[in-house]
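What follows is a set of structures to go through.
You will see chain A twice below: alongside chain B first, and alongside chain C after that.
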Partner chain A sequence: MSFVVGVAALALVTALACALPGVFLLLRRDAMTVEAVSHAVLPGIVVGLIVAGSLDSPILILAAALTGLLVVLGAEYLQGTGLLEGDAPLGLVFPALFSIGIILVSQRFSNVHLDEHVVLVGDLNLAAFIHLEVAGVSLGPRYLYVMLAVLLLNVGFIARFYKELKITTFDPTLAELLGFRVRRLHYAFMFLVSVTITAAFYAAGSILTVALMIVPAATAHLVTKRLSHMLAWTVVIAAVGALAGFGVAYALDAATSGAMALMLGLVFSAVFGFQRAQALWQTRGRRREGRADAPVIAPAHDVAREVGTANAVNATEPASHAAR
Partner chain B sequence: MDALFGLVSDHTVRTVLLGSTIVGFVSGALGSFAYLRRQSLMGDVVSHAALLGIAAAFIVASLVVGSGHHTLVLLLGAALAGVASILFANLVVRHSRITMDGAMAVALALFFGGGLTLMRVIQTGPFTQRSGLNAYIFGRAAAITRADLLVIALFAAVALVFLLLNWRVFKLYSFDAVLSELVGYRARLVEPLLQVTIVLAVVIGLKVVGLILMVAFVVAPASAARQWTRSLEGMVVLAGAFGALAAVVGTLLSVVAGDVPTGPVIVLVLTAIVAVSLLFAPRRGLVARGLRRRAQRRGSRASSEGLPA
Partner chain C sequence: MITPIGCEAVCEARCLSVSYRDALVLHEVDFSVPPGVIMAIVGPNGAGKSTLLKALLGLLPPVAGQVEFFGRPFREVRQRIGYVPQHASVDWDFPTTVYDVVLMGTYGALGWFRRPGREQRAASWEALERTGLTHLADRQIGELSGGERQRAFLARALVQDADLYFLDEPLQGVDALSKHAILAVMRDLRQSGKTLVMVHHDPSTVRQLCDWVALLNRGIVASGPVEHTFSEENVRRTYAHMPTAEWFGQVA
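Up next, the complex of A and B:
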């Protein structure tokens, strides 16, 4: 496998591994939780690199991923105190963890080949540098197989727990009543997300995983409401975005992750723009009848109504800490 | 102590300290409104989107004027991109089934990905004076110049005047959007005003704190201040004070420590302030609450002992 093909394959597999759990994250309104987790795994990764020197080991990835879970648990705890409004708990925890990570990075430990630029966009070329060779034949970058394992893990988890994920996503209260272990599944799923983000660090850095995870699912959600169709569309969009991004990055000699985020964002914008144009075209015909979808009042009805009596949030709804 | 005193009397350090104090105060104070709207993470989207604005403004200025590195131009670009990202997210929410958090993530991806790609174009293109641009990503308070200070002061003044002029509207709208609408303040008009204010609060601090961690300035001072006060006036002033305190302490620590970026140090100081506030604030604080519960339990036990069985 040549170097360029290896890098492209790594980009593609990373995008797919991230995009699949993204469908459920988007539907559970956990999109910004991804942003938080992707920042929060940084200290885990840096400490792991200081201890072990490389990210190839699965144990290291699992251990580093635990810091990602810290942000989920920490935000839930803070929300439980009822002292904070809206999405503030999330916004308090992840900058703190990320700051610890950045300060560690700035100390430049001798065996850690990491600088702020890698944190920002990852280093796909570095990840693809060491090739796996069997009997003298190159089988592509070794890290590709780590990422493939993560992709398979995601596929396996979603296939095994499809029914459970579906019901806890769409109706957590019913799921609870039916005896599903909603919280346990939530933590298992968030840990898987954290593992995926950690593994994707080389390819995407810690800022842009949110693009790889959420944007394909969001684009698919523009197209369809059915969960199964959404998963299929997500895979297609992630693949298109990843390869287009890789092409742009290759042409500009830029970071692949940045270009992938841009291309995915543009695909979303194109689909959204097309749908808007279509809707406007259709409503033009019946404009005289008056617009049905005119907004009634501000989108921010419940702004801080409870400032005086900040209340604990319904514990049965794991997805409730996202911005509305 | 002497070393600290020597540091403060140093001219460069004074510029840096003044800059970060202004930034801390203004961002902290205005962050209160993002907090009360329960959309603190919009600050995160705006600050990431700012990179696209900075890069685009740099390129445009380079092509038009010949040199791109004017702080005012860069920050204006950042503000425009920030407003655009908010508009984008709101547009998506209004016209699709995607919820706000998803729309925010998409806006962040689109604008930040675009910004990173443009930064690469700048790096490889025929541009001069591009070296300072990276300061906006992780923050480099030590690199603040007098010119930067002027721009920061200008933005701060505009933001504060904006806030004072719209104080009554913002206050009413933050606490009861429906009543505010009934009284005659159109949400469609108030909302953009409020968002521009929040964008100003974010943009002003980019060079000191860096765009990645700027969200902490929107969330943390307001979260801490909220624990100590029940009035909006008190909250805004206290949040500003906390922001300024964290900025000064953080900047000093990072200057003393040498090659540690300023943003993360300030964020850790802010986190400490929030932790102290959550624990020790009177009435609301976790410690006060714990003591009260204990007293209640003891009281109920005592009274139940007094009752006949």
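Up next, the complex of A and C:
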């Protein structure tokens, strides 16, 4: 596998591995938690590097993922005390862990090849640098296989617990009543998220990893009304964003992870803008027909929300079928 | 507590006290539901009606007291108990259709890992039919009106095929059509021997529909058959600290 193809493949696999759990994170309104975990894994990574010596070591990934889980548990503990509300507990825990990580990075231990820049945005080319060779044939970047394992882990978990993830995300109360262990599943899932973030860290850094997780799901959420479709669209959008980002970065000789996040952002903006325009156009059309007060169901749910619940109440109105 | 002679209560709470942090909402409530009735829980706003249901179902940890269903703890008989919350606090933008939401009612019986199959799908369609939502099955859940949402959550409880249903203000803010559909389903359920417990205010519906009533205001004021217990005197006591004259005008 040539170096360029290797980088592209790594970009693609990283984007997919991040985007899949992102669907549930978005629906659970856990985007802020991703942000926190992505910072909190840093001390785990540095300590893991000192011990294990290499960024693709499974020990390092597990150790860092556990640090990431610490922020989830710590924040939930603080929230349980009732002394802090909303995102404040998260905001209290993760900067502490992140700053420990940064101090460790800045110490420049002899075998820690990380700098503050990589910490923030990662370095895909660096991650793709060491190739796996078997009998003199390059099988692509070694790190590609780490990300591939994480991707498979995510696919496996979501496939196995699809029904459980769906019900605990949509209606945790019902899930609990029906006997599902909501908290246990939550921690298992957050551990997986933590593993994913840690693994993606090398390629995308802490800030862009968050974008890779949240933006494809947010875009897919705009255009779908079924969870299975949302997952499918998330995969498509993540793949398009990753490959387009890679292409742009290659052409401009820019950072791949940044270009990927930028492309995903552009796709989101395009879909969002298109839906806004469509909703506006529908309202206009109706006004021209002298039915300005007729209900509109805008395709984007957020638009529907903004236009008001009155729409939903009158959803039997045939005009609303235009949305589908 | 009065229950019909010779009948085991399907739900029995003894000395149940519930608090939110340090505010005690329910104080030593004794509560019992005889089998096969439609029971109304009546009380002023903030009386702790919703809190009582949640505590019975183990959604709120009680400070003290015990709850049993069919003579067993909740976790042993959870499949036999359905619940339709007051304001389903779900994300109405969630990418799921009405049909999918109803199907979720079957997840409990399936347990971990097993996927819904033909039987579960058939049950969901039947529940949609019974609640008059078949034509809306493919809608995103947020695109329903208040009454239709209420019916969807009732349908979800129906597919569970429970023996005891708790409904928290199922008729609040719903349109006439939905109200009729919901009442019809409730009568139907009683007919087939199920028990229903409903938080409800409207005195005329209580008299027409319910056999049993519990008057609640932070504690049980009275509980028993509607014709005896739902008296002017008891209702007045329940609403004691409220301006009741107007409200009671409707009851008498």
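Note that the second predicted complex is superposed on the first by the 285 of 324 C-alpha atoms of A that agree within 3 Å, B and C clash if a C-alpha of one lies under 4 Å from a C-alpha of the other, contacts with A are read in each partner's own complex, and residues count from 1 in each chain.
Simple rule for what comes next: a residue touches a chain if its C-beta (ideal position, glycine included) is under 8 Å from a C-beta of that chain, and two chains touch if they have at least 3 such contacts.
Everything quoted here is computed from the prediction, not taken from an experiment.
Q: Which partner chains sit in contact with A:Gln275 here, chain B, chain C, both or neither? Use first/second/both/neither.
A: Touch partner of A:Gln275: chain B, not chain C.
Q: For A:Leu177, decide between first (touching chain B), second (touching chain C), both and neither.
A: A:Leu177 sits against chain C, while chain B stays out of touch.
Q: Report for A:Ile167: first if it touches chain B alone, second if chain C alone, otherwise both or neither.
A: The answer is second: A:Ile167 touches chain C but not chain B.
Q: Decide which partner touches more residues of chain A, taking chain B and chain C as the two options.
A: B
Q: Contacts for A:Lys225 in the overlay, against chain B (first) and chain C (second): which applies, first, second, both or neither?
A: both
Q: Touching A:Leu70 in the superposition: chain B (first), chain C (second), both, neither?
A: The answer is neither, since A:Leu70 touches no partner chain.
Q: Pick out the shared contact residues on chain A: the ones touching chain B in one complex and chain C in the other.
A: The answer is residues 29, 221, 225, 297, 301-302, 304-305 of chain A.
Q: Which positions of chain B touch chain A when the two form their complex?
A: 35-44, 48, 90, 92-106, 108-117, 120-121, 124, 137-138, 173-178, 180-181, 187-188, 190-191, 212-213, 215-216, 218-220, 222-223, 226-227, 230, 259-261, 263-265, 267-268, 271, 274, 278, 284, 286
Q: Flag every residue of chain C that touches chain A in the complex, lowest number first.
A: Its residues touching chain A are 21, 57, 59, 75, 78-79, 81, 83, 85, 88-97, 100-101, 104-105, 107-108, 110-113, 115-116, 139-140, 142-146, 148, 156, 160.
Q: Inside the complex, what are the residues of chain A that reach chain B?
A: Contact set of chain A toward chain B: 26, 29-32, 34-35, 39, 78, 81, 83-88, 90-92, 95-96, 98-100, 102-103, 106-107, 116, 120-121, 207-208, 210-211, 214-215, 217-218, 221-222, 225, 248, 252-255, 257-266, 268-269, 272, 275-276, 279, 295, 297-305, 307-308, 322-324.
Q: State the interface residues of chain A toward chain C in the complex, per the touch definition above.
A: Per the stated touch rule, the residues are 27, 29, 82, 160, 163-164, 166-167, 169-171, 173-180, 221, 224-227, 229-230, 297, 301-302, 304-305, 312-316, 320.
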